[in-house]
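Only one structure is covered here, and it is reproduced in the block below.
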Amino acid sequence: MTTTIPKFKLASRVSQEEDTIITVKGQHIGGPHTTVIAGPCAIENEYQMLSTARAVKTSGATILRGGAYKPRTSPYSFQGLEEEGLELLKKAGELVDLPTVSEVISTETFDIVEKYVDILQIGARNMQNFPLLKRAGKSNKPILLKRGMSATIEELLMAAEYIMSEGNMQIILCERGIRTFETYTRNTLDLSAVLAIRELSHLPIIVDPSHATGRHEMIRPLAKAAIITGAHGLMVEVHYQPEIALCDGPQSLKPEAFELLMRDIEHLRDFNTQMLNIKSK
Amino acid sequence: MTTTIPKFKLASRVSQEEDTIITVKGQHIGGPHTTVIAGPCAIENEYQMLSTARAVKTSGATILRGGAYKPRTSPYSFQGLEEEGLELLKKAGELVDLPTVSEVISTETFDIVEKYVDILQIGARNMQNFPLLKRAGKSNKPILLKRGMSATIEELLMAAEYIMSEGNMQIILCERGIRTFETYTRNTLDLSAVLAIRELSHLPIIVDPSHATGRHEMIRPLAKAAIITGAHGLMVEVHYQPEIALCDGPQSLKPEAFELLMRDIEHLRDFNTQMLNIKSK
Amino acid sequence: MTTTIPKFKLASRVSQEEDTIITVKGQHIGGPHTTVIAGPCAIENEYQMLSTARAVKTSGATILRGGAYKPRTSPYSFQGLEEEGLELLKKAGELVDLPTVSEVISTETFDIVEKYVDILQIGARNMQNFPLLKRAGKSNKPILLKRGMSATIEELLMAAEYIMSEGNMQIILCERGIRTFETYTRNTLDLSAVLAIRELSHLPIIVDPSHATGRHEMIRPLAKAAIITGAHGLMVEVHYQPEIALCDGPQSLKPEAFELLMRDIEHLRDFNTQMLNIKSK
Amino acid sequence: MTTTIPKFKLASRVSQEEDTIITVKGQHIGGPHTTVIAGPCAIENEYQMLSTARAVKTSGATILRGGAYKPRTSPYSFQGLEEEGLELLKKAGELVDLPTVSEVISTETFDIVEKYVDILQIGARNMQNFPLLKRAGKSNKPILLKRGMSATIEELLMAAEYIMSEGNMQIILCERGIRTFETYTRNTLDLSAVLAIRELSHLPIIVDPSHATGRHEMIRPLAKAAIITGAHGLMVEVHYQPEIALCDGPQSLKPEAFELLMRDIEHLRDFNTQMLNIKSK
């Protein structure tokens, strides 16, 4: 089926046929690789960050996440530890030897986040914060760009184009659910977007089932679904004690649940490899 | 997580803990079984129906579908062969020894559809056609009930409740995509609905990736995603020559593509079994 | 601006330039006329029906409504008085000398509703109940066709085309809110649909602010907004005691509130006439 | 009807019963006043800005708008004249003696926009750009805050709360259409939001029919609808020659069409005053 989306160039499969593969501290993202980004929604303190880091590393996560600047709907909610949080994330990343990712929410604090982390995340609410995208385009670090909650697939790729048009080609896209009329889940996970993006673009596309559903019990099955659909990886919120989390507790996995998810993903990778072998015979 | 949906009773997991399993002509639907319903969107002629039936049977489909009464957006589109179509479907089902399903769009034509087919489908546009639901509740044949394109999960279960409250407990639910702002796909497939329904209800829930996406190239990956998420089966449109189909050509699979999809599903069933064995050790 | 919607013919402004005007028992609908349909959501008993009829007539309503066959989300909700209700509606209509409208929800009960009322309503849930539309097309009474809750403007006009293609050209369209992510209101009233339909079609288009919002306090201002936007009329739920209504109490107006609304509409009609006079000078 | 939105405080009607009225260079916004903000989507050159300014002033606009920093979906679209544009806007504002408003899209360029204009606009894409909201909270100039395209009413009020919690109480809210499945219009104008916000908050709420519909022919009727619904004003795109506009031509009014709109609004104000007099008798 021919596509009728001509407005992005650098992000388009037309301009680059082979998959983009991004390498950060020995971890490869895109192409045949399966990335698993895990960690707490918000960095709360040293014990929480380090113990979660150890747990997710042990289970097989490939990138460590943790929020230091938190975009919260209410000004009265916990806004993040800011630089102090970034220091804890960096320390945790070094301890468990994993690259780190954290969200950047303004051009003003871009430099400081850039200094501490290996990958910079631009969140759903900032997907069309164009000055932030342009600043990201001047960074030499990879950008994890999340789909806005009412952004079309085309708009997501146009947002990537903003970054690329400034020179930064290392972009990881992330489907995290879109806003619909259904209220049972926080958002509606759109797995067809994974397929559309793989068709239209060479950029890696991962899936965040935590924000997509807002329900911890749905994360594991939808993580498997994302991988089998063709996502290049996952982003999952893990907290050692979700009941006391300062942010997004209901959608965070305990380390034991994350371990089970990782076993599933591992088997699924073997399964996919077997399937490829069967097909190539 | 506790649910706050108290309005349905008979359809609720609270009223019946174990999964409902429906048996039609030796085929089991629900529980551990994986149902694959396949066939053309619309029955067009004997050659098309019989050749498609043979192809999907050979590939492993468990139920044969074919539309005789077609709900079409335009009055000037092909409206279906009606009773003549039902006769062809029945003949095809007997030929390949598969139970059949076809859509019923009114109480007036309910008897005739009921006479010819093994399972009666109520389509998305009729999910809240309450007289039709009540009539279905008086049938002794299973009902395949599709989610309306803007129906909440709760409303789908309430529609099932309508049927059940009249006495028919054999209901198969079907997620087929919901209407959102995204226009790249025809609808947006909501796989979290599969999880929600498995939690809230004992009824089997299958997935229709054909209508959900409107794009044939997305059907195979999303079919796998549906199965790994926990769907009890699939409904897929298959046409021996989609380019000349009178209905839904762009979202129909050719028999060869359906064969590949069935091989995937088979391996995935083995995979799930292996996973269960690993877990139970 | 040229339109790119070519699929409906009889409903299109292209096939008929001048506005359709429908006349029922001396009341004109469409063109320069402002229709106000009022009455209870559900007919409950003689006292309720007759007292509400008297009240809305006194305030200036031009058509009397009352539901006898109620499409309810739950099978356990009040389903309407059926034929007994239609008799009460007919009696009330004769008492206050107003034409009547009531919803028809199936082909099977079409004849009986057609016998008692002057205008037959097809509700939002049945906008794509095609056998019902075809039956309506064979009626010689006007049809009030409500927009489905996730129907596009084009789909609404295609539904009208179904009726018209069977021979009945007397159709009144009704915008009643569409389903969106916003939960503060029951639906989201789409007044731009009024403008789109006036451009694309010659059929009258009225607005139902009761179902659009689900909130009685919003009905009066949105009724005025609908009229000034160009709607050919309104449909409003009125109940002499909304607190005890068997259906849709929260969105029903008391007779006193309806009286105020009618005064507003009357002044607005004068205002529009003055505006036209000013413009024509 | 009691509201169940307890999360905002300063923006709430509970904390301040009377309407907030903002005064800028002699123009009052909120309460009984009707504000009309008009001007081009993007400032293109001196001739365009000054001629448009003169035209909208003559017709009765109370505030002059013009975009200098443009948030565009594509990086290859015209991005605005930036400071040069602000200078032209300031000059135009002085020439016609009207306060000015322009969009600010980052904290980094906040100071410069603040220096030139009287009111700073935060656009739909930045409604949850929290650092920008916090910076706006430290400004001593009024903020025009537009609803995000998939923001709930509650989220809009929470965004206002962000600004207010930093000390700036001068906020004008703006409904500009929400994203829905309907594609006939660019967005779907939600006039019930005007009513909800007037009930929940003391802040002024205006309506932007240009962005809501994306169709110039719908602006005038929906502008009237907004005023009669209770909006405190309008924001309208006006361009002396929409066919050659660098931005949003299809939704821009010519000066002559804007003049007609202003006459309507004027008569409507008289009408509302008459209505109040009638009611108070």
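Letters A, B, C and D mark the chains as written, and numbering starts fresh at 1 in each.
Note that contacts are C-beta pairs under 8 Å (C-beta built on N, C-alpha and C of every residue); 3 or more make two chains touch, one makes a residue touch a chain.
Remember, predicted model here, so these are calculated numbers, not experimental data.
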Centroid-based (C-alpha) most distant chain relative to chain D: B
Euclidean distance of C-alpha centroids - chain B vs chain D, Å: 48
Between chain C and chain B, distance of the C-alpha-averaged centres to the nearest whole Å: 35
Multi-chain contact sites of chain A, meaning residues that touch two or more partners: 150, 179-181, 183
Touch-based graph of the chains, sorted into line, ring, star, complete or other: complete
Residues of chain D that touch chain A when the two form their complex: 7-8, 71-76, 105-109, 125-126, 128-132, 134, 149-150, 155, 158, 161-162, 165, 179
Chain B contact footprint on chain D (complex, rising order): 150, 179-181, 183
Touching residues (chain side chain D, partner chain C) in the complex: 1, 150, 152-154, 178, 180-185, 188-193, 195-196, 199, 212-213, 215-218, 221-222, 224-226, 228-230, 250, 263-264, 267-268, 271, 274-275, 278
